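Before any comments, here is the structure.
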Amino acid sequence: MSPIFLIQAINVLYGVTTLAVLVLGLAVIFGLLGVLNIAHGEFVMVGAYCAWAVTADGLPFLLAVPLALVVCGLLGLVVERVLIRPLYHRPFDTLVATWGLSLLLRKTAEAIFGLGFRSVRLPLAGTWHFLGVDYPSYRLVLIAVSILVLAALFLWYGSSRTGMRIRAMVGNADLAQAQGIAVKRLAAGTFIAGTILAGLGGVMVAPLVPVQPFMGLDYVLRAFFVLVVGGLGSVLGVLAGAGAIGGLDSVVSALIDGTYGYFTVLVVAILFLWLRPRGIFAHN
Amino acid sequence: MTGQRSAPAPAAQDPAPAPGLVFEAVEGGYGSATVVRGLSGMAAPGEVLCVLGRNGVGKSTLMKLLLGYIPCLAGRVLLDGRPLDRLDPPARRRRGITYCPQERPVFDDLSVRDNLTLMRHDRTLAAFAPYFARFPILERRLNQHAGTLSGGEKKILSIVRGLSEEERVVLLDEPSEGVQWENILHMAELIAERKAKGVAFIVVEQNLAFAERIADRYLVMDQGKSVLAGPRAEIGRDAILAHLHV
Amino acid sequence: MTEGKLAITRRTLLGTAMGGAALSLAPGLIGRAAAAAGEFKIGLFIPLSGPASLFGPTGRACATLAADEANKKGGILGRQIKLFIADAGGPPADTAKSAVRLMLQDGIDLAIGSHDSATMEALVSTFKGKIPYVYTPVYQGGECDFNVYCLGETPAQQVEPSVTWLARNKHAKTFYLIGDDYVSPRKTNEAAKKYIAAVGGKVVGEEYVPFGAPNKFEQSVTRIKGVNPDVVLITLVGADNVNFNRTFAGFGLDKSIARLSMLLEENTLKGIGAESSNNLYSCMAYFAAIDNPANNAFKAAYTAMFGANAPQLGTIGVDSYAGVNFAKALVEKAHGTNARKCMAASEGVRFEAAAGPVTMHGRQVDKNMYLANCNGGQFNIVATFKNMKSGTTCKV
């Protein structure tokens, strides 16, 4: 196996795992609450600025994790309370509301930080040598962290008491209420978890990309493609969607070029919308 | 100390509040359509109130009013004399009201086991042995998704879950729908056992034979109103049937 | 209704413009009649929204500085310059609408634009040569429409000298081309291939990524690693440029492969960051770091007017300074804004750009070019190419 081929294979793994983590928050909120949070990318952006703020002050990069947790959590709390809660079960209204929110967050970031690119210094520079190839250390760590986060969430959702109650709420909200599950609070918690996940995704990618107010748009687009393919309401769907979209994009980009990679993603997304609008695992 | 001594004072002034679940002249519905109009009734501890009536006369709507899914436009609901008006369904559950709905009675996406243990602190099946003795089918299907059960099996799962909560008030909406007669009899036994321990029931039913086995009082509804109400002993089968069939 | 009216007005105007010498005299006459009393109105089209709005504040400040300096010396033909600023950061059609309004309502005498080439094309077909249109930023060259004047760097000025320099000084023989997939990078690369061949170099790879898509560059960088060229010639812009260069350095390729970026100014370099900028080159007509008397004076005036926290200086933005100075030089030489007279007067007109005086030939500008390496996230000028020709000569 040629070293270049191996690196491209790791690139595919990197593309899929990081995409899955970046989509997770959106998928949680959309799949579980039926709220399409257009501002998802802006929460990623907020997380990235947290990483910038921490490192610009000379503090260790890892401090960005608790900072993003607090900032995106509080933001999620307020947004859920004033914007989302009055609009549950009104999908179009939440779409418009979160779209407005995305503009607001972008403009706020622009007002605070300006439009200029910010760069976050890589917390782990250099490459690691293994199996005869060199691969950037930070990206390898990201792959590992992404897999851990996904696995942890998967296990937690499937077996914890709260995970089970969320599934109960999603499947049958009336019955969940009858059994004493405080659905409003649980939904708020789920929304906040989604925004926090987005923020942590932002912290993760911040050292790799230009940090700027518009960066969220990049993530929300790919995230929607993943949801289109993966369908709603299952962690497995997110993984399948991220695998299909991230994998196809990475593989075609590696084999031909980025334009064909993007083209393939668009075609697949359109085919899914057309032929399997409920996603890959939809059962009739 | 002084607080403790003065506590019983209000009871001396008011007549003792009626225990159990009481609803007084409740009204409500969906949007601009009022479905339930001025209904009153009660289930005292150790008593079963059977709500009868044809399809679409507002029986399930009455349940939703009692549980707080939809607001009462008029009248009020009291538990042991305390009004429940401002409480949402989870809060009423915490006050001690169990509910087994007619539609979608179980969590289809959860296993039978998870359906039973979802809200149990110990998350074990220890408390279910007496129920499994009556409904062995449940024990055999513990690891199956509840969505794969038949309609009648879901009803059984639902009532077992509800009764196992061991609360003071239980609301059942058509518990016998789709259930085999043999299992309906088991349900009736279970209800009788709980009743003997002082539990108050309100049961919406279409199945008169089942209702006759469990009811202490009847409330027969038509077009959202009470058309016949009173103790079982005072209401004959023919009078009820006159309202159940057109 | 209004649309219909507007269409008629536009058609009338269009007729005026197309109607030959006799009719085209009319606007000139009106212009001259107003000259004694009124202001000289310049429409300034800069991005104030969208991702490129990063450059808007610099462009506004630099144009304001130039207008202020000119007004102190009597304005243009004795008329004080007034700037009408319009957003050119949205869709080209929106910018064209603003242009119609500025022409019809405000009656601008001349337009200056610093924006992408798609917007340039929209504005060219809106103005239709009725007023002089000065297009100031770096672009792909070759624009020769009637009454249009281009001041920016062209591939002939950017690529030719820097490729030659890399071939001579860094023994570069193999080149890999990567760009965003739209007109400007493809045209630039077309030109680049000629220059690379001319120095005996070889293009060993060429790829484009979709413009405006959320691009990632792991695959491209790995491909480049496999090909192992001497130089990567980058025609990516904005966030793509930052992303690519950070990924490139992340994979450790910066140690052995040189990069030459065609649109790399101060803001983009800030995004790329110090640790990803080694062995990265940029060739521009302006860097804030250029140390010559003209630029030092310009920077001093800029700081004096806008303070220490003024918008970051860079070639895009600073081009508006040259734009206003060129407008003054051109209109005064032509004694007005008559299209044919302006076209004729443009030949050989000399005016101040931020880093020193430049001369227009064939409605393009000959200028000094600076090659900088970006080690440590700073532009360090390593070579100056004097008086480079634009490679485009338009009829005057």
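Letters A, B and C name the chains as they come in the text, with residue numbers starting at 1 for each one.
Everything that follows uses one rule, which is that contacts are C-beta pairs under 8 Å (C-beta built on N, C-alpha and C of every residue); 3 or more make two chains touch, one makes a residue touch a chain.
This is a predicted model, so every value here is computed, not measured.
A.B. asks: Compute per-chain Cα centres, compare each with the mean of all protein Cα atoms, and return the closest chain.
C.D. replies: It is chain A that sits nearest the middle.
A.B. asks: What chain lies farthest away from subunit C once each centre is taken as the mean of the Cα atoms?
C.D. replies: Most remote chain from subunit C, centroid-wise, comes out as B.
A.B. asks: What chain pair shows the greatest number of contacts?
C.D. replies: Of all chain pairs, the one joined by the most C-beta contacts is A-C.
A.B. asks: For subunit B and subunit C, let me know how many angstrom lie between their CA-based centres, rounded off.
C.D. replies: Using C-alpha averages as centres, the distance is 77 Å.
A.B. asks: In whole angstrom, how far does the Cα centroid of subunit A sit from the Cα centroid of subunit B?
C.D. replies: 43
A.B. asks: I'd like the Å distance between the centres of subunit A and subunit C, where a centre is the mean of that chain's Cα atoms.
C.D. replies: Taking the average C-alpha coordinate of subunit A and of subunit C, the gap between them is 37 Å.
A.B. asks: Considering the complex alone, what residue numbers of subunit C touch subunit A?
C.D. replies: 51, 53-54, 181, 207-210, 213-220, 222-223, 225-226, 239, 242-243, 246-247, 250-252, 267-268, 270-273, 275-276, 312
A.B. asks: So in the complex, which bits of subunit B are touching subunit A?
C.D. replies: Residues 67, 69, 88-90, 93-94, 98-101, 104-110, 114, 118-119, 123, 161 of subunit B touch subunit A in their complex.
A.B. asks: Under the touch definition given earlier, write down the residues of subunit A that touch subunit C in their complex.
C.D. replies: It comes out as residues 4, 7-8, 11, 14-15, 115-122, 125-127, 134-136, 138-139, 208-212, 214-215, 217-219, 221-222, 249-250, 253-254, 257-259, 261-263.
A.B. asks: Over in the complex, which subunit A residues touch subunit B? Could you list them?
C.D. replies: Within the complex, subunit A contacts subunit B at residues 161, 164-165, 167-168, 170-172, 174-184.
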